[in-house]
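Please find the structures below.
You will see chain A twice below: alongside chain B first, and alongside chain C after that.
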Partner chain A sequence: MARKVNLRIWRGDSNSGSLQNVEVDANEGEVVLDVIHRVQATQMGDLAVRWNCKAGKCGSCSMEINGKPRLACMTRMSSFEEGEEITVTPLRAFPVIKDLVTDVSFNYKKALEIPAYEHPADLGPGEARMEQIDVERSQEFRKCIECFLCQDTCHVIRDHEENKKSFAGPRFFIRVAELDMHPLDMLKNRKRTAQEEHGLGMCNITKCCTEVCPEHIRITDNAIIPMKERVVDVKYDPARWLGSKIRRREG
Partner chain B sequence: MTELERYKYDVLVIGAGGAGLRAAVEAREAGLRVAIICKSLFGKAHTVMAEGGAAASMGNVNSGDNWQVHFRDTMRGGKFLNHYRMAELHAKESPDRIYELEMWGALFDRTKEGKISQRNFGGHEYPRLAHVGDRTGLELIRTMQQKIVQLQQKDAREYGDAQANIRVFAELTITEIIKEGGKVAGAYGYWREGGNEVLFEAPAVVIATGGVGKTFKITSNSWEGTGDGHALALKAGANLVDMEFLQFHPTGMVWPPSVRGILVTESVRGEGGVLTNTLGERFMFKYIPEVFKDKYADNEEEADRWYLDQDNNRRPPELLPRDEVARAINSEVKAGRGTEHGGVFLDVSKRIPAEVIKKRLPSMWHQFYELAGVDITKEAMEVGPTCHYVMGGVEVEPDTAAAVGVPGLFAAGEVAGGMHGSNRLGGNSLSDLLVFGRRAGMGAAAYVKSTTPVAVSDASVKAAADRIQAPFTRAGGENAYSLHQELQEVTHNLVGIIRTGSELQDAIGKIAEIRKRSQNVSVAGDRKFNPGFHLAFDLDNMLLVAESTAKSAIAREESRGGHTRDDFPGMSDKWRQVNHISSYNGSEVVVREQKLPALPKELFDLFDVHELEKYMTPEEIAKGGSN
Partner chain C sequence: MSGVFSPGRAEIKERTLRTDKWWLQPLATFGVLFSFVIYATFRAFEGAYYYADHLISPFYSPCLSEACVPEAVIGGFAPVSAQIFNFPLSPALIILIFPLGFRMTCYYYRKAYYRAFWMSPPACAVAEPHKKYTGETRQPLILQNAHRWFFYAGLVFNVILTYDAIISFKNKEGEWGHMSVGSLVLVFSTTMLWLYSLSCHTCRHTIGGRLKHFSKHPVRYKAWTTISKLNHSHALFAWISLFAVAFADIYVRQVAAGHWTNFYFF
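What follows is the complex of A and B.
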């Protein structure tokens, strides 16, 4: 049942590196991560790769497979043609640590910049009442497994290191959207902060993030575009602007 | 060798899953400086895999529920080997822990009245599991991860440094807990990224490292489940209790090979999924044990009616506790009525409309569609038992989560023992994490405030450093990957779901042999993000855990919960009163018997005495509780 496949694996560190060819067995039903593990156990004991759950739920084994940001645990070997060469490289938007492992600390820094959830002061334990339909909007974004593939593919930062300072990226736009749509969150002006401090305006809605999302979160349609529209409304419509000043929350 | 990094904290939490994060939040909110260590990136812990929900008797769906009912279910599920006090605290405090998460921003699914919704699960009398679709664990982790970020944002505002009082050390392995003068002084480890070593000085250490699944060949656990905390605690002088009890989850994926062992949530059965063999028989009706006969339907008609009317019908046997279902599947496969891949069929497609399946079980649909090419809205899943959870673990004081015998050491979550007895009910793990994670944080905080920290000696540092360097100094030694595979074969074949004395004896010998060879593991490459190097330490932990499990299993001459002896098939009153305590004497694991704490009268009286008669001796019944 096993067939031989040719893998080109990027090996190296922050100083230098190159693609290395390796021939390895692949069995029926396997995914790219299985094959990488076989390489590790039999040919390259020190090959660095992150992984955890192996079921598409933790978002650890993010890498680029034939140039596309993918989860290695969700990329089936049967999706490649017989004899097709498979190239695996580390995420391009982040600095390489070793082999397929990159330094994703950028994302954890950005997480610190998004203001946290604020619970209503007068709502005690067990008192919250929310409609299922209202929680579902935020729940879509809370499915995020933080694989950071959307961050990796986003062309605002993929080849533009200089933009990283002022751009939080799609993962954190859905975090803002999730809080903004949270039925109980009390913090005001989340959309405006997204625009003014987290670089929402730099996104030109090419939807690359949505395409790579393994959780199929409609990042652009359901989070980014609605926030952009509301920011525009609030910013340029004098009546709405005034409304946002007197109502509890903006738009 | 680069210079040793040194840190000082009040509380060091090893493990960043549900229990660790909850402990860290509690200790920080008590005003202490806290470090959280994780082997992976922050937010990747195995808790994210928990699907079904968190059990808490809020009574939102059936108002008949309360802590007493939850307590009874938990004790029944554990076949009355649970530490009663842990089960009591857990049942009483779970609802508050769920509400607390909601106040931190968690978004649980709702009832029509807008309350937190609760679902049915195996062994729970009422719908009890607070849930978010089938990704409840992810919601827990994310909520607590974001709570920690919130605490850091507060510190950034007050002290100009987000990491002033709570810091996450991601991708760091702890190799040793250091004691000085008989109490905890800190811990030692290395950064996985660069291999450079780190010393943490801290008067209190909370172990929250999760489980041991990687000791076994077929498991739902990720690579992190290597029993690190169990082994660290043993080596630090703590005890492990009842390590023979491992939960084989009845429904793991069996095909294709790449996903073998990955969990198929119990919610599939809770939502109406039916188990059949290759003859098309709904076989669970044949496997209802005597003690559960009055609670489970013995015919299909009644079982089907239960989904519509739970008050007037008994539950379908698919919802028996996990140990019963796992053994039943195992028997069907052994009798030749299993699929070609060694499983049975689990089908939800005939009972529930496709759109409802996709809504209620979205990640299951996704998992089967993307990984197995199976559309569960149209076809049956192939499932079989997978090593899922260890009930055994560090012996703790229930109220404080303090490890017995080691001042300054605490343990919570899967790594702690006692709470679940011989078998854990689904949904009781997420609530366990919250209840005892918080208690460990409180316990550690109280301890720190009452003790004087001791410095770590140079001799302890040197010993810990030498141990990390050792595998690099040996050339041409054993390969850690191969030894790990050998260990998994031994546990799978000889210490698995069905056990016998002779096989366990054989296993103990083989594990000792592998352990001897593991002293000679050598590592290729350097220290930089080197998985072979990392595995060398994980392997050592798994070997100690496997030894403890095999030795406890051979001593327990009965079958109960997650421990089934072919040569001793029944439950025994005598053995119900016995805990097995594992300790480490410097060279091997030693197992002794200890008396299980008896139920106090007020908890004893919560049960119908005729039910207790099925588990207890006439003397215990006559006594009617311990006080």
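What follows is the complex of A and C.
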């Protein structure tokens, strides 16, 4: 059964914009993206919205719904109270292009800065062998759909534009962690570059990235904090540093 | 203008458009932690009512000062002067830096107090009030990296507090095999402290998290798996242990001051 809902949708571009009120039908079982599409089809033909899979797997329809970074396709209309006004805005950490579409190219630039996996020199193609327990930690991070909600909510760049040049953000800390925990990755200085070049030390672990992740990746507990501890091993723990020099090995 | 008001970003005048009670959690955290700090400061300076009937307050254990009541000193080891620059030195002040440092640098408490006290940020997607932010890259916050040293110290304290809990199974005459409400209070407080310490992220890292090849270290992998399960509840243990320690101190204080009677079950 359809019900009327009141939406406030941000419309504009990088120069100016405002929230515009609209009343629209919402049917049982629908999500916010369905309702936005109805607005687009019936009232705002030029409303810009990025979307693709409508199944929470492509990460395209990231936006802020009632101030929270969410995927519009995974936010059920039934999660709102009867008569509750729903405010939909673009991601507020990135430059806006038009309406609900933002320019997330910052993330692609950061992705390029992460050194790639380095294969052991003595292993040819097809010769790598790993046990499941050695790779399962990294597999959690491979669930990332690159919706960039974690990047959007991270106050280090959301509230401080000037930090963007020196801070990679939670999405790329899980990438660094994935590689550093990879049993065959041979690159040695990943921990130091995480701290010195990608800005791991800027993170004050307030866990907002974990709270918004639609894939429920435990970004802070399983990637950022373990990486911070690994950085302590090589930079701030003289006993550990000495031990590694004497024994000359890594777990 | 910076942050969410930076040029090029969507022009929205509100610092946040969240409609839920996002302020409730940091406010409650602030209230509880601030109350604890006030109480702990008062107790640390009080220097009295920390021992009664084989019960010693966790705020005062180990009691290392010459000023300690003899029964509260383990093995007669009290090497610290009772005064400093002619001012009386409470035994609690000698040791509190260790549990305090452990909690201050704890990854969970960092989240809690950065949000509640420093509003950095007050809540997710709520703009923080600060113009500059450097995180934990400079002094003094770079000292958060010393968490593991406080963790090691915390383990030593846990062993001592376990000894205190065992001693509490004596009656007033010093005979073993008796149990009072105070015994239960100390056992509960110590158990929570162990769970808080063992569920710690540094513990998880030390036990096995730093390894690259779990398959080469099956015992450490098993231990890491167990610690990881505990780690899920680290925040819960952080709060329960805080309340448990505070209550243990309150209980011992009230018994020592004669306000409460320590009831013996047998």
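The rule is simple: the second predicted complex is superposed on the first by the 238 of 251 C-alpha atoms of A that agree within 3 Å, B and C clash if a C-alpha of one lies under 4 Å from a C-alpha of the other, contacts with A are read in each partner's own complex, and residues count from 1 in each chain.
Just so we're on the same page, a contact is a pair of C-beta atoms (placed from the backbone, for glycine too) under 8 Å apart; a residue touches a chain by one contact, two chains touch by 3 or more.
Quick caveat, the model's predicted, so the values are computed rather than measured.
J.: Looking at the overlay, does A:W10 come into contact with chain B only (first), chain C only (second), both, or neither?
T.: Touch partner of A:W10: chain C, not chain B.
J.: Counting only touches as set out at the top, which of chain B and chain C does A:A93 meet: first, second, both, neither?
T.: second
J.: Examine A:M74 and indicate which partner it touches, taking first as chain B and second as chain C; both and neither are also allowed.
T.: In the superposition, A:M74 touches chain B alone.
J.: Once the shared chain is lined up, is A:E211 touching chain B (first), chain C (second), both, or neither of them?
T.: So A:E211 only meets chain C here.
J.: Would you check which partner chain A:L47 touches, where first means chain B only, second means chain C only, and both and neither mean what they say?
T.: Only chain B; A:L47 stays clear of chain C.
J.: Quick check for you: in the superposed arrangement, does A:Q20 touch first (chain B), second (chain C), both or neither?
T.: In the superposition, A:Q20 touches no partner, neither chain B nor chain C.
J.: Answer with first, second, both or neither: which of chain B and chain C does A:R158 touch in the superposed model?
T.: The second partner, chain C, only.
J.: Examine A:N189 and indicate which partner it touches, taking first as chain B and second as chain C; both and neither are also allowed.
T.: neither
J.: Do chain B and chain C land on any of the same chain A residues, and which?
T.: Shared contact residues on chain A: 131, 182.
J.: Note which residues of chain A are touching chain B in the complex, please.
T.: 13, 27-31, 33-34, 40-41, 45-60, 74, 76, 97-99, 101, 104, 108, 111-112, 115-117, 119, 123, 125-126, 128-132, 135, 138-139, 142-146, 179, 182, 185
J.: Note which residues of chain A are touching chain C in the complex, please.
T.: 10, 12, 14, 16-19, 64, 66-69, 84, 87, 89-90, 92-96, 102, 131, 133-134, 152-153, 155-156, 158-163, 181-183, 199, 201-208, 211-212, 221, 225-226, 228-233, 235-237, 250-251
J.: Considering the complex alone, what residue numbers of chain B touch chain A?
T.: Per the stated touch rule, the residues are 40-44, 46, 48-49, 58, 95-96, 99-100, 102-105, 107-110, 113-115, 117, 132-133, 135, 138-139, 142, 146-147, 149-150, 152-153, 156, 162, 193, 222-224, 255-259, 262-263, 363, 366-367, 370-372, 479, 481, 523-526, 528-533.
J.: Could you please specify the touching residues of chain C with respect to chain A in the complex?
T.: 2-4, 6-12, 16-20, 107, 110-111, 114-115, 120-121, 124-128, 130, 132-137, 141-142, 145-148, 201-202, 204-205, 209-217, 221, 231
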